[in-house]
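When the chains are written out, they are named A, B, C, D, E and F in that same order, and each has its own residue count from 1.
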Amino acid sequence: MVYITRIEKFNAAHKLWVEQWSEEENQARFGKCSNKNWHGHNYYLHVTVKGEPDPITGFIVNVKDLSVVIKKSVVDHLDHSNLNLDVPFIPKGMQPTTENLVKVIWGQLVGPVAELGGQLHKLTLWETDSIYAEYYGE
Amino acid sequence: MVYITRIEKFNAAHKLWVEQWSEEENQARFGKCSNKNWHGHNYYLHVTVKGEPDPITGFIVNVKDLSVVIKKSVVDHLDHSNLNLDVPFIPKGMQPTTENLVKVIWGQLVGPVAELGGQLHKLTLWETDSIYAEYYGE
Amino acid sequence: MVYITRIEKFNAAHKLWVEQWSEEENQARFGKCSNKNWHGHNYYLHVTVKGEPDPITGFIVNVKDLSVVIKKSVVDHLDHSNLNLDVPFIPKGMQPTTENLVKVIWGQLVGPVAELGGQLHKLTLWETDSIYAEYYGE
Amino acid sequence: MVYITRIEKFNAAHKLWVEQWSEEENQARFGKCSNKNWHGHNYYLHVTVKGEPDPITGFIVNVKDLSVVIKKSVVDHLDHSNLNLDVPFIPKGMQPTTENLVKVIWGQLVGPVAELGGQLHKLTLWETDSIYAEYYGE
Amino acid sequence: MVYITRIEKFNAAHKLWVEQWSEEENQARFGKCSNKNWHGHNYYLHVTVKGEPDPITGFIVNVKDLSVVIKKSVVDHLDHSNLNLDVPFIPKGMQPTTENLVKVIWGQLVGPVAELGGQLHKLTLWETDSIYAEYYGE
Amino acid sequence: MVYITRIEKFNAAHKLWVEQWSEEENQARFGKCSNKNWHGHNYYLHVTVKGEPDPITGFIVNVKDLSVVIKKSVVDHLDHSNLNLDVPFIPKGMQPTTENLVKVIWGQLVGPVAELGGQLHKLTLWETDSIYAEYYGE
């Protein structure tokens, strides 16, 4: 079993804000992340697929095909978006934390990666150069 | 003459949008950067100060003092902000491109750096890992 | 189960030196790392916490709280320190190799991370850009 | 159990090309990677060894010895080489994809690392800054 | 005057080899870089354009247009190429050192950048993470 | 005129401490950098040489020769050293700040680089990932 990873990027705005809470409660819990006027990040997404390299091509999946799938299923929706408002597959009211985003992105990728003939193994999502979340699908 | 640089970071939302233009014109000129709901970036700011190292301390300016000045004059205002809406020293209607931001930030830093005893030489502002602007104050 | 990581940094001096050995033995085994007058590194510490994101906040633990805990429990003690001489929780005579340090740091963090409501999963400690150690607590 | 990793680099040329296929088939499957005149990469190899740190030295294996072993067993053969033509331990006709290379490199390292007193745990091979393969030996 | 930089990448093979020299002379002068079967690199190209930001758009040049121009004029020709054999605008027999490449690339970009309304100021070409060349056009 | 840069690394210990000052004065001015027991850094040194590429070899100077010169003249003396105590060409009592170090290193390199046939143009010394000093020899 070998693991192959492709990294893609997107830039997006978001805020952390619980509707049922007052502004003070949001500020107390989320600090500057609750700024009503949003802030944003350059995100890096690592998509790891496992399998046996094909004996002819040496590919688990063709990384260029994988890149196309990630762009179509994830990056085209998230890049230059507002993660709270713009993305159909992000549930309204879900906080767009790195932890939650990585789970939502998994749902977008697991099917298309399987269609490529690979098995989605792990996602890593970097929000800044000092914060990242990892998810293995369960 | 020696040059000393301190790097600081901030995360912010913005959009590129000319009020006098239609949505189509904005989209045609700015593409995804004109998304009405904003997008955002992790910015890296390099602040370069020139001077002669002090014969006793070996400092042009104390880099820790410089860091405090950058935070107070720039980062505290820009971090987790909306660059179009939230920042008093960014003129309303000015497009918050990397080129324009670096000029505005210069205005914030040139005085406080002089008070530290240094001379502001250059600013470099990274918007993504493939775009940056540089400014020498003129 | 999702994994969230926070990275913090510290700069420190150390040397590798076994008291019971002669200078020649230390030099033979540790090379330049045994320089009596010390050398040093910029360390990067990845702290990975696992758990389920809270359904309201989307946090496993608040990364800002995690950062405060890492600073208080680890970085405030190690930053600008001598790892052989200055740090109460590093046993005297223990070689401050990356492998040993990562185990000692685990002991400092596992309790405070649990108090935050998370479970410490993994530590990664980079000593240079080509050496790092990882530890899962057992 | 602690894990220690050493990173080494090499620069090499390669192409992806199946002899039994026509030029069109190779182009269709491998795209620009099938350029007959080769292309190349700066590769980064992470070699992870597991074990208990020695109670005296604090080493799982001496990272400097590990570096020497990686250079002798892998880097000296691959650096500034043509991965399709020049390397005795890369089977002729095997596509030099990142996935296949990482398995071949494992075979070169597992014995020499054991002689150092460590157990090879994992290899990670970066081909570009957005593609890497990982292998655990099975 | 503000400076805006766009970074693009390409992967390529090359060798350093003077036809008039014997194999021994090439080996003596160029070492492993003279391997007849080629080696390769991941190159990073920084393209710096100077000018005044437009008062309406805030652009010196639209960085997305600049990216298109760099791809069309440079990257599409160099990516996945053999720098000694494949590229019409690299003179035959010219050694494809970083120093020479950066001058040749300047010739490809100075006109198209002027057509965008900017002035090409500087090119920086990274060959590895420890070697880069810079050129200002004269 | 083209500029070619080679980057080399060294790890070292140091402290900032003025002998004529009391411990309180040192602490007030230098903070944690005045820890009597030292701290340390991973330094990165960029050495930039200018000249015309040789019409045959394409080299300003052979970067491998340049690397040897930097190691012999600088890195072999500074790597795994104590910058206050161990280095003959660092004047006793000079604070080993990044600003002062870059000037001292210039003195070590300007002659040997000229012997290689190049002209030393600039040095950049990174002390951490957020502090660097630059020097052009005057």
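Simple rule for what comes next: a residue touches a chain if its C-beta (ideal position, glycine included) is under 8 Å from a C-beta of that chain, and two chains touch if they have at least 3 such contacts.
The shown structure was predicted, so the numbers you read here are calculated from the model rather than taken from an experiment.
Chains that touch both chain C and chain E are the following: D, F. With centres set at the average Cα position, the gap from chain A to chain B is 28 Å. Per-chain CA centroids place chain A at a distance of 41 Å from chain F. Those residues of chain B in touch with two or more other chains are numbered 129. Going by the touch rule set out above, the chain pairs that meet are A-B, A-C, A-D, B-E, B-F, C-D, C-F, D-E, E-F.
By the touch criterion given at the top, residues 1-8, 48, 53, 56-60, 62-64 of chain D touch chain C in their complex. For chain B in complex with chain A, the touching residues are 9, 11-14, 32-33, 35, 37-42, 79-82, 85-86, 128-129. On chain A, the positions that touch chain C within their shared complex are 16, 18, 29-31, 94-100, 102-103, 129-136, 138.
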